[in-house]
Each structure stands twice: as C-alpha cells, then as structure tokens.
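These notes open a run of structures that come right after.
In the two complexes below, chain A is the common chain; its partner is chain B in one and chain C in the other.
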Partner chain A sequence: MNKVGRSEIRVDAFDKATGRTKYYEDRMPAGALYIRIKHAEIAHGFVRRVDTAAAVAIPGVVKVLTCFDVPEIDFPTAGHPWSMDPGHQDVADRRLLNRHVRYWGDDVAVVIAENEVAANQGVRALKVEYEELPFVIDAQKAMEPGAPQLHERFPNNILKHTDIRKGDYQAAIQEPGLICVDKWYDTPTVQHCHIENFGCYAYEENGRIVVVSSTQIPHIIRRAVGQALGRPWADIEIIKPYIGGGFGNKQDVLYEPLCAWCTTQVGGRCVRLDCAREETFVSNRVRHAIRFHIITWLRRDGTIVARKVDCFSNQGAYASHGHSIVAKAMGSFPQHYPCDNMECDAYTVYTNRPAAGAMRGYGMPQASFADESNIEDCARAIGMDSYEFRKKNVMPRGFHDAFTGNTNYYDTYRECMAKGAAYIDFERKKKEFANDTGDIRRGIGLATFWYNTAVYPISLETSSNRMLLNLDGTVTFQCGETEIGQGADTAYAQMVAEAVGLASYRDVRVKSCQDTDITPTGLGAYASRQTYVAGFSIRQTADILREKILKYANEVTRQAVGCMDIVDGNIIRKEDGIILMSLKELAMTAQYNPVHSEHITAESTYTIRNNAFSFGCTFAEVEVDIPMCKVTLKNIVNVHDCGRLINPALAAAQVHGGMSMGIGYGLSEQLIFDEKTGKPLNGNLLDYKLSTILDHPHLEAEFIENPEPTSPFGTKALGEPPVCSCAPAIRNAILNATGVAIDHNPINPHVLFAEFSKAGLIQDDWREEEK
Partner chain B sequence: MYDMKALYEALSVEDAIALRIEHPEAQIIAGGSDVLVQMREGRRAGKELISIYMIDALRGVSIDEAENLRIGSLTSFSHITRDPLIQRYCNVLGEAVDQVGSPQIRNVGTIGGNTCNGVTSADSASTLHAWEAIVELTGRGGVRRVPIKDFYIKAGTVDIKPDEIQTAILIPKASYENTCGHYIKYGLRNAMEIATLGCSVNVRLSADKQTIERCRIAYGVAGPVPMRCPSAEAVANGAKPTKALARDFARAVLDDINPRDSWRASKAFRQHIAVEMAKRALAESVKLAGGELA
Partner chain C sequence: MSQYKLIHCTINGKEVEKMVDVRASLTDMLRDDYHLTSVKKGCEVGECGACNVLIDGEAFNSCIYLAVWAEGKHIETLEGLLSPEGELSDIQRSFVEETAIQCGFCIPGFIMTAVEILNTGKLYTDDQLRRLLSGHLCRCTGYENIFRAVKKTMYRRHGKPIDF
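Up next, the complex of A and B:
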C-alpha cells in the first residue's frame, strides 16, 4: 500500500482556501423566498391562537403559516437508517409546527416573505396566545410523580429504560473489607457550534420536491421528508453540497421537512430557511446532559469487585436520537473496566429543554467524564497511583464483546498510555507538582476512553459506490458517505487510488456532492465510520472495475487476465512487469472501438457486518491560580489507536479539532437555562463560552498504528474519539493540583470559586461577617 | 440585510450636528460593532442611523496646546494600542482596549463608541475613569467638556445632548504625568470576551519609590456604570508600597463597589475576584512605576 498512509493535501484544499467551494447558500436560485420561524417564548404549554393580521399586512410578506395549518403527521428526526422492524424505528413525536409547545424555542409558526427584513418583521408582528403549563428541565425531577408530562405516550416522561446485569452485584458487595466509592457525576447541555449554521432551500420540479440542505445524511433526510409530508419517499430529491461542519447536529432531520412543506404552500416557488446562530443553539439539537450515579466496590489491592451505574439522560423536548446515546454510554462501563459484577440502568427522560440529538462522541464524552473521574477517585480511595490502577483494571488484550463481535486485538490502552506518559513526562512532573503549595499549583491528569467505530449490529451498515473510468485514465468516484469537513473525500481518493491501482490519489475525481436521485445509496456521515465502512465497498467495487478493465485489456493485449495487473495507472504483465498499455489508452480504445465500444464503470453495495474498537487516552497538565479561580491548560496530548492512518496529517487535524471540543467541554461550555422560566440564557457565541485559540496550548496528537484486522485498509474510528477523554483528564489534573475533586463539568471559574470555598482553599472573611 | 430605515452619512462634525437636529430619532453609528449587532437582534430594528464614520478629523491621538493627551473619538482600538503617545503616556489604555473582542472588532470599534454605549463592561471605561478622562462633546453651541464620571448617567445612558456628538477624550497632564497603571480583565476565556469584571489601577510614586503619592482605581461591571473606589484610594494614598498595604487596599474596595447577582456571575464571586484583582493590579502598577511591594 503506497497511496494510503501518506499526508496528501486535501482534494478540496484549493477551492476551500480560495473561497470557490459552493455551500448551500452559494447555490441559491435567484428570487428565493425567505422563511422565518416564530419560536415559542414559553417552556411548556399550548398555543391557543396566533394572530397573523399584522404580519400579513407587512409589505413583502407572502404567507403566514401556523401550527394549526400543518399536516397532522408525527415524524421522527433521528438520522438513523430505516429499520424494517417497526420496533426498531425511531420515535415519531413532533410535527412541522407544534401546538403543544414543549420547550422555549419550539416552532409555532412561519412567515414567508420576499426578503429577509420583511420576514423578520413578520415574525415580530405575530401575536401568539398561549395556555401555559408547568415545566421541568431536570431529568430526575421529570421522572417524579406529578411532574409535568411532555408526551402522552410516555408516562413519567421516560422515553426508554434499559439495563445491564452481569454476575451478582448484591452478593459480591457482601465481601468483607471492601472499599466503596459512591459518587454522582453530572455533565451539561452543550451545542455543536459548527461554523456553518444549518440551512436549506426547497422547490418543486416536475411534481417532486427538491431540497438542497446543509446535512450530513442526504439519503436519510429523503425518507424523513417523505414521512413528515405524507409523500412517497421517491417524490423527494435531496442534494447535499459542501457543508461547514455538522458534528452530529446535521445527523438529524432539522428543518428540511418544514422547508419542503413551505414550498408546497407557495406554489412550488423556491423557499430558503437559514438558521441564525441563536436558533442553532436552541432550536436545532444539543448534546444530552447525562447524570451518573456510580458505586464502585474495591479491594485494597485495586481489584474492582462490583459496580453499579445509574445514568439519567436529559432528552429535552423531542426524541431525536433518544435512548441510543445513553445506551452507548452505559454499554461502555462493563467493557472499559471489565468487572464481574455489574448492575447498570439507563433512563432517557423528556424535559422542557431543547431536543438533544447526536453529537460527536454520542454519549461517550459524558460517560468518560463520569467513569474516568470515578476511576481516579477509586485510586485515591485506596491510596493507589491512578495510572497503576488503570493499568491493572482497564480492558485487557484479547477482550471480546459477543454482541458486536469486537475484539481488542492489541494491548491498546496500555500502549497508548505509555506513549502519552512519555510525551508529557508524566512520572517526573507528577512528583514535581506534588510539592506545589502556594496560590499557583500545577497538576497532571490522565483519562482513557472506550469507543467503537460503527453501528453494527444495532443498525444497518450499508455502503455503496460507483467508479467510472474516464477517458484520461482517471476514475470518477461517488458514494453516500458524505464529506462534512473531516476530509473524507481525500481519504476516499487515496483508498480508491490504492484499490484500483492508479498513479496518484489526484487521479480520483471524487464527486463530493450527493444527490439522492443519482448518488449510490449510503447512510451519510455519522458515528466514526465513513473511512471504515467506505473501505469495504471501495475494495469491492475496485475489484469489479479492475476485472472489467483487465477483461477489456485481454481483448486488446491478448494477455490472460490472470497474468495482468494494474499498477500506477498502467496495465502491466505481472511476470516481467512490462507495461502493456496505460489506463488512458485502454479507456480511449474501449470507448471509441467501432466494433466493441464500452463505457467502463462499476458499482456495488457492501453490507458491513463488522465493527471495531477504537481506544486512546489524554494526558493534561494544568496550572491552577487558586485565588483567581482560574485554570490554565499548559500541555495536552491525545494518543489514539485508530488502526492504520489513511492520511496522517488529516488524522492529526481531526484529533486537534476533537481536543478543542473536549477542552471546551471540560472548562467552559454549557447552555444555561433560567430556573424560573426555562428560557435558555446564553444561546449565542458571546455568552456561550466556546474555547478560543488563546485558550489552547499546543495540541499534541499521537498515534499507535495497530492495523484493524476487519478493515480492508486496516483502519478504524477517529472522528469522535478525540473529544472523549479531554475533560476528565483536565478534571483529574485539577484534582491532582489542588486536592479538590470536581464532579461536574464545565469546570469554569464559578465552579472553582464554589468548590475552593467549600474546600477552604479560599476564604473570604467578609462573607462570614455578612452571614 | 439590516432592518434600517435610513442611513445619513456625515462628512464633518458640522454635518453630523445638522443631521442630529434634522433627525432627532436617529441613532449615531461609528464603527457599528455595537449598533449593528443590536439592530440585528431587533432592538434597534427599523431605526434611522447617522454615520459619523467618515469624519477623519475625529481620528488620531495628539498632545493638545494644554498638554492634554487627546484621543479623537473615532480612533480605533487597534490604533490606540499601537499609538506611540498612548504607549508613552497612558500605556494601560492601549493594553486595555487590546482586550476588546477580536482583531476584527478592534479594527472597527472606536473609543467614542465604547464610551457612548454607556455599558459598564467596556474595556476602555475603567481605565478612563481611573485616569479621570474628560469627554469632549461638540454641539450647536460649541464644545462642552464633561468629566467621565459625570458623562455616565446610568446603565446605557450617557450625557450627550440631542445636538451633540462626542468628538474627543482627553487625559489631562496632571493625570498622566509620572503615572503608571495596569488593567486586569477578568473573563471566562482569553478572547472574544466581555469582562466579568475589569479593574484598572494606576499609581504615582515618590522619587525614591518609597511612597505612593497617588493611587487611583476603577472597576467595570462592579456596578451599573464604571466606578472609582475612593475608600481604597484613601488607604493607599501617601502610604508605603507594601504587601500589607496591598491587602488592605484590596479589601477596602468592598466598601466602594456594588456588584450584582446575575446568571453571568454571582455577587460573592465578583467581590472575591475584585479584591484579588485590586491587589494584583496595584502590585503590577507599583512595579511599572519602578517600585516594589515590600
């Protein structure tokens, strides 16, 4: 393999750097009408009436539509593949516009206007009368008897409860002399904050509806738009151009159905729906806030005897990806630190918060924060070094999970930790920092994470693609796994060049834009699976294309198919390596042969029935200014075993981005809600503290390249893993610096002030006097 | 696309005054980094605007005939930070405004806009208070000069008459002479941030560096408008620069400031960091002035 494993320049680099790349707004037809949404200004209740008179009277306003006008169809929004089994289909619990308002920011009406100003004025002119109901924004409070109910079908607001039982927890904890570490850990609601806000436009063409959307999942969107509008799926065409990031927010059906319906209400004219940043924060999707109760029973020698884990996942107002997130989080506990006796329960609970959906890491940043905080606390409880404690307990080589079929083929965790420790000089710094006693104290912390690559066997994994031999000997490539900024197109180009036998990845023309009428069906970009799953179908289709090429070459060269190969863009004779003809010559000959003309193309679908573990760790070094309640991150390294790297430079970039997200998760990011009204208070980029370049030290990405045996290219997950272990590593570093264990993130100055006050590290005598 | 009713462009101060009289409802816009944001949010939607951004006469820093440090109201933050006169006479102001938002905002945002906005969190405001700046306003009747503490009336309201625009900010020689200061912005991140609290301290030391002849301290976000701390200043004035003094000085700010509880920060937290910031800003100011806390 020489086309993969190289830090090639991205196939889209030139266009992106020069501003030529076309995003959905750049493709907008002239004269598109503007849709603006009226968002509810109560957390829970019913819309009684919408007075549209003033809005309709505004010059430029074309149409006002309300929650009383939409089809009476409930539809699901999760970007999961369709399941033929109704029991596995996503929960359908929302309409295009909702009479039953379930969160502050719910969609109750739209104004369609000739221009943006008139549309905004129209929305401001709408008068909505509500019948207000009590609301609840905490998951555990929502489960209590008498709590406000969000959806009739789900008593006590419990969307789903699942559990894991292993061994006999109750019997195991009877063992005399065990140490018990019983703690709660809490994680916040955060938002993806991709650069390009969500937006889309729609129009009717020949009786069908075309939607161009900033989405990760065009083929899934097609189905959901059909469902929401009550139209055959085939009536819908989804086009996905380049997008400015998604991080899972765009792995959900956002406003494509509403936009598609709006075009049908204005005679098929093109309508555009562009979310503002404020709407993206509140009325798209967020990360689930999950609260964990972990009880760990230990022997003094560091053996974990039994563990009980309760997880309460705050779903917000609508099901979206629902229980899948916390199910994945819970499922990591018995594997990450295997233990014979476990009781785990996970609840997904509706509340009057914005709907939580997919977000990079899919439950694992939450689980890692809780699990790795608890592991650190356990080590402290028995006076054992936490690195040694991890080495003793973390998943061993050879661990096999029967459900997914995943095997830990290498001693990945210990290899990653050793590499990270060496980079950051862990042992020396740990000793040196232990002596800090002043106002400024340093600390170093470690966390590992569990992850897997794809969604088999929970959901369908299908990947299809098409390869077309061009007249110049290059190959045009199309697939359903989307480029969303992560660099997938470049990885595909490298893999196709490798698999077909082209001279360079530059000889692969990746059609980045997916159009569900044309592009082979795939499931889009989600989990950390694009390179992994596309690898199977790329290898398969390349084999078909190679066979066709060699068969034609046999006609021309009279050499047996089995005696030929395709290497670096030429057809060669294997035995002596002689070049018989170039792919360009072959393509021209095949196309213009007056007796046997052939357009050489191959297409295939591969059903992936494999999955792969992908593990790693973070080491973080902090400096804590105790009186100022400030943490400065001085040094941070992530180490990943994601199999063989297809493009090391892009892999490092993926890790840098994930680390940035993890740093924000650990130290600053949180969507805050007003306890009195349920209103989100900081849904904008000023008040929501996304970390900036000045909040980061150098971000070090390191890799262990143990080839993944199930993958044709030896590769596996890297998209989401980098975000998972940063926050707990930072938390543990702060603990090691100050002795203060903070069990909820983000660990911002407000939290440090409260915790340091509680621990007596800061003492404001005047506060005592005031009391 | 902004929802603005009309935009009037003033090319001179006289133009601006005439437009103010002609369109009494109109909002003045300079760099636009506050006004356009508010307009987008709907708070100023549908308003008329008078732009003064083209009046180049209001740009630049100079020493006037009375030896005041004179900063034209349209001078951008990035200009102030790089200006040699600012660096020589009031370096802390350049450092303070270098902490506004982002490089793009600092290129477009002006010190006049920052003060006329009347918000307590403005990064220039605490330093201008601590240096007893004078605000120059020009109207139909001529020039009016107002001490900055009187210019701020209440949150979001400043003393500009319907026919006036702010034309300059002056720092008198008596204020800047032989004086060094330090500003600490407390934020939850290191860029793109509005201050949770801002603290600006400056000192004038005796020739032997053994006495603080004059100490001034002002805060942003410690109350509805930026404020000086007379109790704390009284503790430091005439005192020896010692660590004990720094502690007493810092503790005394609690008699002066009045931060509030909000979802952005609790009163207790703001009080706590106010004391710590006062202590550190004093220590740094003394150091810049050539002294050292004994």
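Up next, the complex of A and C:
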C-alpha cells in the first residue's frame, strides 16, 4: 500500500499535545547567564561613548560589552547557502554590535548577568551618548540626492538595481488605440509573529563553541557564526531543537553570532539570549515593504501589449536577504501574465528601518498584491470580466522558463480557478452582488499566483540524509532539512517508508533535532523546497539502503538480488510473492552474524538541478459596511496545485496558516513608524493587529493534484504559496463591492475612511457641523 | 518586604510548597521551579495566551499572574491532562486527530482554555466558541483545525453528531 498520499497523524503530534516537546528554552542548562541587549533609541547616528560604570556596579552583572569591544569583522546574515563565487556572496554590512546606529532598535551594547533582573537593570543603567544624524524611512526618498547615507559602499542607499528587458516597450506603446492603466501600489512592513520568540544559548565545549538555537537553518548558521567571530567554521556546532514557528525570520542569522561571542567573553560559561516580543518585532527581521509602479498597455480585446514595472524595495538598515526578495518579485511579472514587451526595474534601498529579510512568500505577496490589483484594474478599464481577462492572459499551458527550466505542464491555472469559482459560487454571486446599493454591500474577488519551489539555479540546491536499519527492522532517518512546524518530519517518514518498502511511516524514526556535528548537511527550511529536495535524496539513499539489504539477504536466502524486493517490511521473492524473511530478522542476523557482521546503513547527497512551478488562486467574498468603514470577510477559498500531496491533511493545514497570514496582510497587519523620530510605534501583539480566530471565516483549502514530473514523489511547493494571493483577492472583492480601488494594504478602517471619503461614498458630516 | 515568600498550592493534583520570589510570575514558578515546560512564553504581557493555565478551574495567562497569588489555589497545566497510564484526554486526542497542531507552541495554552470551555458542560454555537477561543494567538494553523478539534470534543461530550 502507498505510504504517501495518506493523511497520517504527525510523528510529533503526541508530544506536542502533551507539552513534552522541548524547544530551546526548555533545554536550558541550569545557571546560564542572561544576555540583554541595549537597543539604540535614535534612528540614525553614531555612538560616541557608552558609560558602563553604573551598570557594572549592579550586583549580579558579570560583564558589559559595547560596540567598541566587538571584533572588527563585518558579516552577512542572509540564510543563503555559501557561494564559492565571491560575486554571489551575501553583503556583509553589520557587526556584532554597531557604532554606526542605522535604525531605532540597533544593537549597541550587551549586559551579561547572573539573573534576568540584573541584566535588565544593567541595560537601563547604561548611558549612551550619540551623535545624531538625519534619518530616512521611505525607500524612494532615500534614493534622492542629499538623503542621509546608511552605508558608505552604497551611494544613494541603493543596495542593488536589476532589470528585465523583453521586446521593445517604447515601440510597442506607439500602437494607436491602446488603453493605458498607470498606477502605484504600496505594501507595508509586517512581521512574522511566530509565537515562540527567537532565542538561543551558547557555551564552550572542548575549545569549540556550541550554540543551541531556535533556527530554521542550522548548517548555514554554523558558517555565519564562524564568519562573524573570525573562527574556523568547524569550530562551531549548532544544535536545532523543535522550534515554535519561523516563517523566514529564523531563516536569518539573528543573534547566534552575538551569543556565541558572549560565551567567549565570559570564559566559555553558558549564556542565553532570549528575545522579548518587542525585540522580535523591531530587532529581528521584517517583510520588505515594496512599492510598485505598473504601467500596462492593452488592446480593447483584452490583449496585454506592453508592461512597465518599477519596484522599490525598502531594505531597512542592513542587507540581510537584500535584493533577492524584490528580484524574485520582479521576476514573477513576465511569467505570470506573459507579454511581448516588458521593461522591469527593481531597486533595493537601505533606509533607517528594521532590517527586512525572508518572510513566507519571499517577495511574492507583495508582487501578487500589485500585479493582481493591476490586472483587475486593467480588466475594468476595458470593461472586461476580470476572470475572463485572467483566463485569456495568465501563463498558458506549455509555458517554459529557460532560466529555471520550469515548464507549466498542465492547464493548472484554469483548473484552479474553475475549482475555486465552483466552490464559492462565483458567477451567481457576482450577478447577485452587483445589485447591492445600500450602506452594506457585498463583493467577490479573485487573484492568482505562481511560485518557484526551490532556488535552483540561483543558489546551490543540495540535500543529504542518512538511513540506519535498526534491529527491529525500522529505519532511523536524519537529514539537514528542518521541522519548523510545517510537518516536514512526517512527510519524510512517509516518503522513506515508501522508498525503502516499510510497513508504515511509523517504522521510520525521524531524528528531528539537527546537530551540525552529526546531521548530514542540508540547507534547511526556506523557499518551499524541503519536501521537493528531500524527495530526491530520500529516493537515492533508500536505493542504496535497499541494495545493501538485498545483498545481505542474498547471503542468507541464496535468492538472487534481482529476484527479491522489500515490501511492507519484508523481503519477498518477486515471482511468487512469498516472504523470505522480515527486515527485523535480516537486521538481527546481519548485526550478530559471527562471520560477517554488518550494521546496514546508507548515506548520500543529491545535488538538485531542477525547479518546479507551483500554482494557485484565492477567491474571497466580503461584506463592506460603508459608513462603518468595516470589511467582513465572509468566505474564502484557496486552490493549489502543489503536485501530488504527500499528506493531504497536513497540506490543508499548511494552506490554512498561509491564508491566515494573507488575510492579516490584506486587512490588518502593519508595523507603523513615527515620521518624526523613526521609532516603531506598535511592535507588540496588542497594537500590531494579528488575526485572531474572530477575524476569519472558515478557511477552505482545495487542491488540483497534477503530479510534478521532475520530482521522484510528484510533489512541489506548498509552504509559502498559500499566503500569496489572499490580500489581492480581498482587495478585488472590496473593489467589486464598492467600486473603490484601494492600492495599498492593509485595507483597515483608517484606510477605508480616507478612500471612501475621497470617493464620495461617505460624507464627513461631523466636520461639516463643526464649521 | 521580604523578597521571598513561602507559597502552598496544588499543582496538577499534588500539594506543594515553595519559596518564591515575590516578583516572579506564575509562569516563572511553573517553568523554573516545577519544570512544567508546557507553559510557554510568547509575549509575557498577556497578549498571546501561550502561558495559559487553569487556576481553580478558570483559565488565566500565567505570565501576568504573580506566583504569590497562587497561595491556596489549584493549578492545572497541560502536563496534568495525561492519565497516569499515559492516555491522552479527549481534547488532546481531538487536537491530534484534527491536525490542529503544527509548531505546537500555542497548543498547551489553547488546550487549557478548551478544557475550561468543555468543563462548563454547555453546547456553544460556533460564534460563541470562536469568541471563547479568541484570547489565543496562533500563526501556523489559521485556527481552522483548532476550532474543529474543540467543537468535535464538545459535540462528543454531548453525544451529538457533528456537522462542521
């Protein structure tokens, strides 16, 4: 029986339901010293002096270290694999603590103390003298001449500019009779809000440094800690226990290097660095706010003739993942709605905001908001139904991208849209809602997206794993790809059981905790790569293990290797199907054979040189209370083609979480900054409006299972895709309900009040009366 | 005022006494003194619900409840739900079966609130149930399967067939 394609219970469900699962803080060694960070309280400037006397005098304070004490080494923090080509290495632009303060919340000093209270008191007792400089928090303003400069090496604060040119845009737009839709779209700074804040602890062991961290990417962290401390990478050991969510924030090098350095400053004693929620919002990473200028030229029949797309990505203070995000966003346009003439430019710009890094969707939620809003606006401009407009223009079957080698093998987009439309009863509701004219109006909208599964060929794609045959015939499995809540361990167990020929996924013991000294090297949880890339190496290692098992079985059973197979935990003879011996019998025999003892194990690395398009769409139905400026989401469905589902129940759960994040992006989430000081104003879970259970209707997850031909298991991306198309579908539903096109998210009551006032839907009677 | 105070209380059915720092939260006491690490810290200011425990049957965010206030109280954490033989309670089983668990960090708090809801013996409407669960934040599940797990258990306890 197939082990994949079944809704099995998660391998970690029991422990998580009983509270036994150990996250980093639950493994904390007794007596660990507390590190607390002094964060800058200016948006831009230089630290001139730090008076530490009062802090040092506090009982329990062990050590105070400032930006004047750290090694003079700039290091990068992006959670990307190392590149042997210096031109492709990540930008190294920060130190463990920074003299040049580049955002409100930058790290300028640390206090290490015996207890939490003393550490906090120590931080409050530090007196920091600054030389303040003008600051800039808007990406386009930061590019202007005379704007405050953040990094010497990057004039006009431009971290990078790339472009795409296709056909001849200028010539194409000369065609008479074209309709032009020229608009700006703006997306906000948001934060990941995993419920476990980032934290880690570090200690020295036999002259090496061990860091236990809440990270998605242990092997990459090892390299970065080595770089930041100027130590050989092999001097560092990273241990990754269970983590309480990551969503990309923990796909960055956060405070592991600082924590590792602190242990070396206190004689190798264990030090812990736990971020508070407020620090997680401001001093970890955020999603890039990207502003788009899109000019689309259309014929009246709905043909897109030419498009110009400018993208301005707000990087914040440090490069982190940098230009990769907006490059991905820009790169989506020519493939999503292909047209012959395109001019696209993307700029990543430093500003005095928190550093932006990876976040679920990696540029696509931003691109999708802009692109799908513009597509909706284009359809309206020519009076065409937007569903029909999409069907006419969206990436067609057979579309091939030469760079990634991706092909759209099926007619997936149209299949997904048809399924979503059927679920939500799109055609009927569209007609019915068109009659709404009162204060409360209903609307329905849709949006689509595509997503790359892995990062080939931009970065290395490699996956390694190890399989050990246990004495009871089960298999222990280890790989570098990490469980971060998404259910990866369960998917691996199902794939291993299938590939080896075990009776159940329960016969696979997945070692969830990665230790870079022991675990085969993998890159970790990012892109939406893990199930796809692990599939290649699991199939390969399973083949090696099977070969070894059958070779040993040949000695015992005298049956030819080619005549045997492993099915449901037994070695069988293929021709007549009789069971020759169980894997347990074989394992015991092999291990304890006095003449030929063998512990049967296999290990391999697979370099993946494929990638795969993942597709989907969202349909959203809203009710808009115009006088109250309130949107209620009544119904929402996501339809995904992520290839064959390894575990349908877990896949649906993954979609629910992404939809929730997408709904927050559309309606409520936004980190706000004070224009006068650059200070973040709502970096806590009370003032930052994360969706609660009251903010969602039922979330419907549906699938089209078109098997991905490049994958040994027919699977492709699902981790990030669910977040991509929700916000624009909601925006388009609000447009459908009210006729008001809102071109920036989140679409909260403040925004609606301004937009409805402008559109004349509401009158500000109160102010009139005041006069 | 002395910095430490002797506190007597019942934790998961067992009577205990401990000297606690008067500044410590109940979260700190449960985690640090009793190693009840199901009690999670997501914000430490009563916003997220991850540290939720039952105090005399009522759900509280233990991060904003002082340890010294626990004097004479009956405190229950997720660890207390497992039977002595290691069997899951009905609500835990539903969380497992309904795929309501992902990273797992918010789950202990959610389950303890669910216990409070279920122990009222009432059959709530969907809207009521959502309101009762709204003090918890989760970033993984979109609350969809958590809602299903609680609703399913509630219906089972009433011996009623469920219609999602």
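The rule is simple: the second predicted complex is superposed on the first by the 765 of 771 C-alpha atoms of A that agree within 3 Å, B and C clash if a C-alpha of one lies under 4 Å from a C-alpha of the other, contacts with A are read in each partner's own complex, and residues count from 1 in each chain.
The working rule: a residue touches a chain if its C-beta (ideal position, glycine included) is under 8 Å from a C-beta of that chain, and two chains touch if they have at least 3 such contacts.
Keep in mind that this is a model prediction, so the values were computed, not measured.
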- request: Would you sort A:26 into first (chain B), second (chain C), both or neither based on which partner it touches?
  value: second
Field: Partner chain in contact with A:749 - chain B first, chain C second, else both or neither
entry: first
Query: So, does A:336 touch the first partner chain B, the second partner chain C, both, or neither?
result: neither
Query: Which holds for A:484: it touches chain B only (first), chain C only (second), both, or neither?
result: second
Message: Per the contact definition in the header, classify A:117: touching chain B only (first), chain C only (second), both, or neither.
response: both
Query: After superposition on the shared chain, which partner residues are touched by A:694: those of chain B (first), chain C (second), both, or neither?
result: both
Query: Touching A:685 in the superposition: chain B (first), chain C (second), both, neither?
result: both
Field: Larger contact residue set on chain A - chain B or chain C
entry: C
- prompt: First (chain B), second (chain C), both or neither: which does A:652 touch?
  reply: second
Query: Where does A:672 make contact in the superposed view: on chain B (first), on chain C (second), on both, or on neither?
result: first
Message: Please report the chain A residues shared by its interface with chain B and its interface with chain C.
response: 117, 685-686, 690-694
Statement: As the complex stands, chain C meets chain A at residues 23, 36-45, 47-48, 50, 77-79, 81-82, 88, 92-93, 95-97, 99-108, 111, 130-131, 133-134, 136-147
Chain B residues within the chain A interface of the complex: 1-3, 42, 45-46, 186, 188-192, 194, 196, 251, 254, 263-266, 268-269, 271-273, 275-277
Statement: Within their complex, chain A touches chain C through residues 7, 9-10, 12-23, 25-26, 117, 192-197, 242-245, 247, 276-277, 484-487, 649-650, 652-654, 656-661, 684-686, 690-694, 696, 698-699
Statement: Counting only contacts in the complex, chain A reaches chain B at residues 115-117, 120-121, 124, 627-629, 668, 672, 674, 681-682, 685-687, 689-695, 748-750, 753, 762, 764, 766-767
